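Chains: A, B, C and D, in written order; residue numbering restarts at 1 for each.
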Amino acid sequence: MGSVRIQREDFDAAAETRALTQGRADVGAIVTFTGLCRDEGASLSALELEHYPGMAEEEIGRVVEQAQARWPLLGVTVLHRYGKIAPGENIVLVVTTSSHRAAAFEAAEFLMDYLKTRAPFWKKEHRRDGTQGDWVEAKDADDRALERWGHPQA
Amino acid sequence: MGSVRIQREDFDAAAETRALTQGRADVGAIVTFTGLCRDEGASLSALELEHYPGMAEEEIGRVVEQAQARWPLLGVTVLHRYGKIAPGENIVLVVTTSSHRAAAFEAAEFLMDYLKTRAPFWKKEHRRDGTQGDWVEAKDADDRALERWGHPQA
Amino acid sequence: MKAVYFAWVRERIGRTEEIVSPPAEVVTVGDLIGWLIQRGEEYAYAFEKPNVIRAAIDRKHVRHDAPIAGAGEVAFFPPMTGG
Amino acid sequence: MKAVYFAWVRERIGRTEEIVSPPAEVVTVGDLIGWLIQRGEEYAYAFEKPNVIRAAIDRKHVRHDAPIAGAGEVAFFPPMTGG
């Protein structure tokens, strides 16, 4: 019941949500998280997302399994894009469904906290002036966000 | 920038999300919560939602203002339906946008916790066998959910 | 002032709203509940567990010790179950 | 075994993958990093701060003290920035 997809194409959050709810009356709560490419300084032309094919799916699959073991979820979908992504475009989607809201919210936050630090993706900036930018650096805040869920593995 | 609507009609989460993100590149995180009518026992034909017109909008508006004061949100939308709602149909939608995920997640949870206990709506069951069911009782768990946000007002 | 009722409070009282004119010694929301209870069985039934009843004055939540002086609309209802 | 590189580790080394045959005394992921550093400036540059480097064996995260015996694919990369 957990679906993980790594793709270059954009995704449709509404269609993914529909797939988890259609024809059933036991879902009381849907939480979606969409992460987008931001450009605060008006200097970014795109982020280029590199990933480790194979491991990306498997590692996110393991994180989804942990979430399913921890919360009474009815459905989980995680989509993560790679390739060049322009400001304002989608990068990542997490959808969780449950009978009640607490499980759906907590599982979605858990999934995002783990994705940020364990899913093998790396972002490189491309600047509007045509130059290559830097590799985006990992944030301490993302490591700290894991602490509330207990010890991360490995 | 906070939009609150109380309506009989269904809503479109995708359209509401688009309205908060289109034409801007500063949104990094969108969280949506959708609450649906559940029927676990296969005995429910509908929930009928009664509300206090006027106060419903105003009270939710006050809760939205509190959320905006507390987190750096770029946008907030809250839609709440009233009238007869069948199992599987939407009841409530909360959308929060921010630069970063923590604010969007926390604000959406805060809004739902406060809506559950402060928005003047009441649910009555209608059963499949044609009889009127009970008024849904408030849950202690919903009151307890408020505690993590500090003291509720009034 | 106008009194308005919702959900099972409304059903038990048998009306959605009414104009009420309590005497001067009815100062608080709690006093108003006590005064309404005197008016008949339907009110006594609606307010049989006063602690459960929630109130609003002019569309804002208030506690039972809130004064009703100057109120245009006082609402009584069960704990809310929206969301 | 195959060694694969991502992000700036890949850029600094100048290749995405290669077959490596470390000697028997190279037991752990950390040993393998030390052995790679001996192979040339590009490796020394990629691994100049070994503590920053993350590793995976056969597509699972491992620490630097993990043994490489039996590994089919060892990956080296910077801290991840997905999501």
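Basically, a residue touches a chain if its C-beta (ideal position, glycine included) is under 8 Å from a C-beta of that chain, and two chains touch if they have at least 3 such contacts.
All values reported here derive from a predicted model rather than from experimental measurement.
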Minimal path length between chain A and chain D through chains that touch?
1
If a chain touches chain C and chain D alike, it appears here:
none
In terms of CA centroid distance, which chain is the most far removed from chain A?
C
Euclidean distance of C-alpha centroids - chain B vs chain C, Å:
26
Whole-Å distance, chain A centre to chain C centre, using C-alpha means?
48
Which residues belonging to chain D are in contact with no fewer than two other chains?
83
Quick check: what residues of chain B touch more than one other chain, meaning two or more?
35, 101, 112
Residue positions on chain A within touch of chain D in the complex are 35, 49-52, 54-56, 58-59, 80, 91-92, 112, 115-124, 135-138, 142, 153-154
So in the complex, which bits of chain C are touching chain B?
4, 6-8, 10, 56, 59-63, 75, 77-83
Complex interface listing, chain B residues touching chain A:
12-14, 17, 21, 23-40, 42, 87-88, 99, 101-102, 104-105, 108-109, 112, 145
